[in-house]
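Got some structures for you, see below.
One chain, chain A, appears in both complexes that follow, with chain B as partner in the first and chain C in the second.
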Partner chain A sequence: MAEKPVTQKAVKKPMKVKEVGFLVFIALMALLPFVLNLITGTGLNEGVTKFWQGQLIAFFIMAVFAMSYDLLIGFGGILSFGHAASFGGGAYAFGLLMKHWAPNFVKENPIMLGNTDLTMLVVLLVVLLVVLLVSVAVGLLFAVTSMRLKGTYFAMITLALSTALFIIIKSTDLHEWTGADEGLHGISLPVWLNPTQNRLTVYFITLAFLCVSYLLLRRFVNSPTGRVIVANRENEDRMRMIGYNPVTYRTIAFVVASIFAGLAGMFFSIWNMSATPTMISAVTTVNALIMTIMGGMGTLIGPIFGAAISQIIQQFFYTWFGARWPLIFGVLFILIVMFLPYGIVGTWRLQKGNLREGWKRLLRLFTTKSEAEAPESGQKPPSM
Partner chain B sequence: MNPKTKKLLIGILIAGLLVAAVAGVYAYAGQRAFISTLFSGLTLGSLFFMVAAGLTLIFGLMDVLNFAHGSMFMLGAYIGWQFYTNPTFIFGMAPFLLAFGAGVMVTPIIKPYLIALNISEKLQKALPKIAYVLALAALVFAFVGFDILSVANTAMVAATTTTVGNPLAELSAQEPLSTFWLRPFLMFVSGLLIAVASSRPGDKTQFAPREPIGKKLLMPAALLVLTALSTLVRESASESVLLMNGNLRFALSILLSVAFGFVFGAVIEITLIRPLYVRPTFILLMTLGLSYVIRELVQYLWDPLTYQMSRPPLFAQPGKASSIAEWLQKGSSTIDIYGATVPTYRLFIIALGIAMFILVIFVMTKTRLGMIIRAGVQDPQMVEAMGINVKAVFTVVFAMGVALAALGGIGAAPFLPVQPLMGDTYQTQGLITVVIGGMGSYIGAFVGAMILGMARAFGDYFALKLSLSPAIAEASTVIIMVIVLLTRPQGLFGKKE
Partner chain C sequence: MANEVLIEAVNLSKAFGGLIAVDNVSLQVREHTIHAIIGPNGAGKTTLFNLLSGVMPPTSGRVIFKGNDITQVSPQRRAHLGIGRSFQITNIFPNLTVLENIRLAAQAMGKDNFKMLHLADNFRQYIDRAEEVIGVVGLEGREWVLARNLPHGEKRKLELGIMIACSPDLLLFDEPTAGMSSEQVPDLINIIKRVVEHRNRTAILVEHRMDMVMSISNVITVMNQGRVLAEGSPHEIANNPQVQTAYLGDLYGELA
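Up next is the complex of A and B:
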């Protein structure tokens, strides 16, 4: 994997800056719908405000998915093309249960506590549990295959496994359950969780999901286990020498990544009220890969950035460049791979000192002309 | 037990099972169905091999998984199909590309003189950048006002519509030569500027001996002559090509596709892949982005439609031939083989696949280039120490891989619908083939491709006959791959690391 690790450093001072940034992000996101409402005055569940909530919901969910993928590729150094299996698995587990099991259950076994109807809550909890179980199972499946295969071969078998799942999900035999090619549509949701009726609730739930996921993943990455996973990426033989079993830690990485991806898939199917075969295909994995690469591998903020950028690109490139926008996007992607291999966040962290130096020089250039010449020779100009 | 006897026993067991399976299927399906399914399996296998051959060649030497291979397969099909049905685009673009190539090819001539220049360090850094910017400007100016889309889209007939007219009927008048010549000239200037930039003027760390320039002059001179020629004939040539004998035209379009694939591959390797050898994962990502770009470019030029390339006359006449001689004489579209009706174009694809296999084997084992490649797989440093330019060998191998993909593409074009995603399914199957056969092994790629082709064809047959789900045939290749990988992780013919 990448030869220069761009991991988060547990230095004391930048940590503070990061916390502040994180809080500002939460505050901004939480206020955004209300501010937009004030500006446009269309109401919280109408027009532009609603549209932007939708965009941001998709961004929050994809950010978690990209982060979970980064846990594998950036921190674990595992190139998997089957990560969408967890995403789609979670979505389908949720969709199937909510469509085929929940309505009957709610009708037949109402659970009451005093006067309040707790049935839906119980149902959602059960479904959540099943989603978690499915995600863990998918993670374990990939972990087991990774025991025998490495590198390119492993990437290929993950591609094959996800293709196999894709074929199964869209096979016509399962039409009455999964809806085959068209996907699972019309998942019945309680009114308070319905994104068309109560988008603001879904907005805040997904925002909370992103924040909690980020905090949990950051804790995980900086924990001793996370450190071993990173070390495993750097030198597996050495890890084994020291006495850590790489298989155990890889399995942990797979299961954790899979759980977050599965939850993201569940939220995505809530947001779309459907689950489609595309969610399980390699295209979705490649999307997460692109987000991770654009933002910066081996950082947690990177994938969030990448998800935001990719959401913006998907939304605006069509209006800017017409139907052939992926052409521009492809060129952009190639340029990023060629010139910013650590992504936006990674390059920023590497070049921070350089940039600051360049900024100082620029300031000096304007204040006194004679001083500006002196440090010119030694320093390299920033390349950003 | 002795490992050798164990291996032998396993081999006999597998062979026995295989024979039993074939005999069982033959007895069950009957001769006719068996033979026609066999031939469709062979056709699919050939197609898979056409993609897998290039993939495995590239992977074997460079450890690069080329995710743009399917797009290159598709591009080869498009180029050949354009030449076959509507050469306006090819002839319209030829002056530009040839002029640009002529400019770039000047590099080896001017490099020894440019690097010997004594210029300041600042200028040394700035000069290539300035030259690149100027080159880009010249390139843009060369295309200003040139309507690429109208050249590409002249009378394209999508497969969904049935009207087929004279492809050149709608051709709008092109620019007069008095102004057009400026475009190739600007392209030549752009190429020259790139030659200047890439030879790093004044950089004393570079090395280029001053040899007599006679031999080096040949390439740019030839390209310049071709540029002049193609500029002159750019309008009239399309018609004369269309009036040609169809079979000859098809053969020419195959040649053109292969040549284009080779040059395209070489350019991609030098510009995009070479800087990334230090970061192998990023090559994979780069090829992913490249496949996006190629696919979108094709959709931009020819719209996201499905086209049908007509078969060359040798395979097009209605009627069933009873023997190969009769087919060659009449050009029938189907042929009778032991009672089964097989389209003759399938025979051509099978033959093309086998010819490619023999060609690859021949190049790899009997020529000096093949020897160098095989040595390079084992120990690139040692080969370099022997005085062989391994970088150049890498370029040639990548270019060969892309040329094979383009050959497969044009070979398959009359058989498959020509559309921007035509390569993608074959790329996935090709990757699976390579994994089954063992990465870097071309014999493995052939055997793997045939296994997959048979699995698909017979899977489809049984799914239809026993009214099972067609998903089984689709998933069969994946299942075979999983079984192979879990029992023999290095693939059937791969070497253990």
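Up next is the complex of A and C:
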């Protein structure tokens, strides 16, 4: 066969901006409570400082949920309207166990290692394991039921499934366990994990959760499996003809997305110390969808941006406009979709070349008296 | 030619409701040949391809590949068994780069598809293979272009590249020159020849350009209205009166 062609930098692509941005983000977020503490003079666990920690905790959790949703729709091209089922599933699995199983277990079976009481730790690990199992199960449930469907039918079955779970969770027959309509309240948490008593701990745990999730998901979408999932979005028929089974990869996408959504749901129920039926409803899925679209589908940073913006907007719009805030938010969302059809991060990635060119042109204006514009050509590897 | 039969269609039929697109077709394709299937529009060529590649199940009949009955085998399994297919209507991954399009096909044949925490770019062998194929189909220098931004002729080459990267034993070319201008055709013919002759592969070719069919194929099967009308060497087919009738229409047949 023809001799190997010489290609310019085939493998290693510099990801400097992304890495630096990520580190800056971690540093900023880690320092923020202390900075607020210094500026406002309020203690770490009171007043403004505590309030903003709370806002950011909600942001960290929703960011992971939005990323997991983007894994489905942005990377896999799987338009599921039932992603909230995983989120709520994780939350309810955690809430139910912590409320109805853990307290008695802790009382009756203390596990001691020397003088340290390990009971709570063991309980939490077991609960975490159950949450993971429930998430995987929900992911599989969605993957299996929607296996043979496409397009609108696919979206409808996912919506129907999550609505069914929503109705089951709400049913009065289960009032004793789930609290039905009112939701599951009064989840007992150890003091160190209690967001009212020890908010800073929860803050750092959820921040770590966001960072680890981002790194894992980024690794995943760039893995051989992740690349095939992207191919599934692009062209399912061709994928089949080169030997991939789309159902397998769709199932993997569903399960992985469900695991991250379930963990996000678990943290959300820690943060609220409750689990409510709204967490399973389509509203929650649409929230994640809005975050993903605003930030940029098919990117991982996009949903993080989207979650941040949505969280900030919610906060300020509520104080400015009161209960009517979603109306104003709706208008803003339409404007974002009109002007930034690829979301904030997506549009940035598309336009940054032009911006760079613009700056170069500006510079040229001052440095040399160039006779004609020298068009820049040559392909750059796209970022992924 | 006494080569072994690589793929065989046995009384293959496909009906879409009342329309019988492929009607009791039996076909033997021998190893190391380029077997062309020609016929007027609607003769059932693409449907036959869909049956051979497993895109749709036949109404009746069997498909035998390397001596095994693969009638019920899914298209993705057939790809692993060694059947590759290109499409008449360009069928690529539009928002991925040329390199990634072909790399995915190369990766499909490997055993690393489920390594979820390894970076795909660290699997050098697939990138090497993709670059090799890019050289074969003549897309050097276009590695980083998004597939949807390629001009039509290069999309057709990419289409072939995706198929070739799977290293199939049997290549199904469905009108590889569809929509290409005459100047681009010789280039593509060379690619096909090179790919087939290298490693002694076998190819089935559906094509409308007679000059191309006559020059590169060893055997030609003529189809008309879902049936096999004639089969033979290019020379035999060119001088077959029935074939001329099929192409010129039945009017002459009735008058004769």
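Heads up, the rule we're going with is that the second predicted complex is superposed on the first by the 342 of 384 C-alpha atoms of A that agree within 3 Å, B and C clash if a C-alpha of one lies under 4 Å from a C-alpha of the other, contacts with A are read in each partner's own complex, and residues count from 1 in each chain.
Simple rule for what comes next: a residue touches a chain if its C-beta (ideal position, glycine included) is under 8 Å from a C-beta of that chain, and two chains touch if they have at least 3 such contacts.
Worth saying up front: this structure is predicted, and the values here are computed from it rather than measured.
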Contacts of A:Tyr244 with chain B and chain C, given as first, second, both or neither: second
Check the residue A:Asn222 against both partner chains and state whether it touches chain B (first), chain C (second), both, or neither. second
Tell me which partner A:Ala231 touches in the superposition: chain B (first), chain C (second), both or neither. second
What is the contact status of A:Ile293 with respect to chain B (first) and chain C (second): first, second, both, or neither? first
Chain B and chain C footprints on chain A, overlapping residues: 1-3
Could you please specify the touching residues of chain A with respect to chain C in the complex? 1-5, 7, 10-12, 216, 219-220, 222-228, 230-231, 234-235, 237-245, 252, 256, 379-382
Residues of chain C touching chain A in their complex? 53, 55, 74-77, 79-80, 84-85, 87, 91-97, 99-100, 103-105, 107-109, 112-124, 127-128, 131-132, 134-136, 140, 142-146, 162-163, 165-166, 194, 198
Along chain A, where are the residues that touch chain B in the complex? 1-3, 79, 145, 148-149, 152-153, 155-157, 159-161, 163-164, 167-168, 170-173, 286, 289-290, 293, 324, 326-327, 329-331, 333-334, 337-338, 341
In their shared complex, at which residues does chain B touch chain A? 59, 63, 65, 272, 275-276, 278-279, 281-282, 284-286, 288-290, 292-293, 295-297, 299-300, 428, 431-432, 435, 439, 469-471, 474-475, 478-479, 481-482, 485-486, 489-490
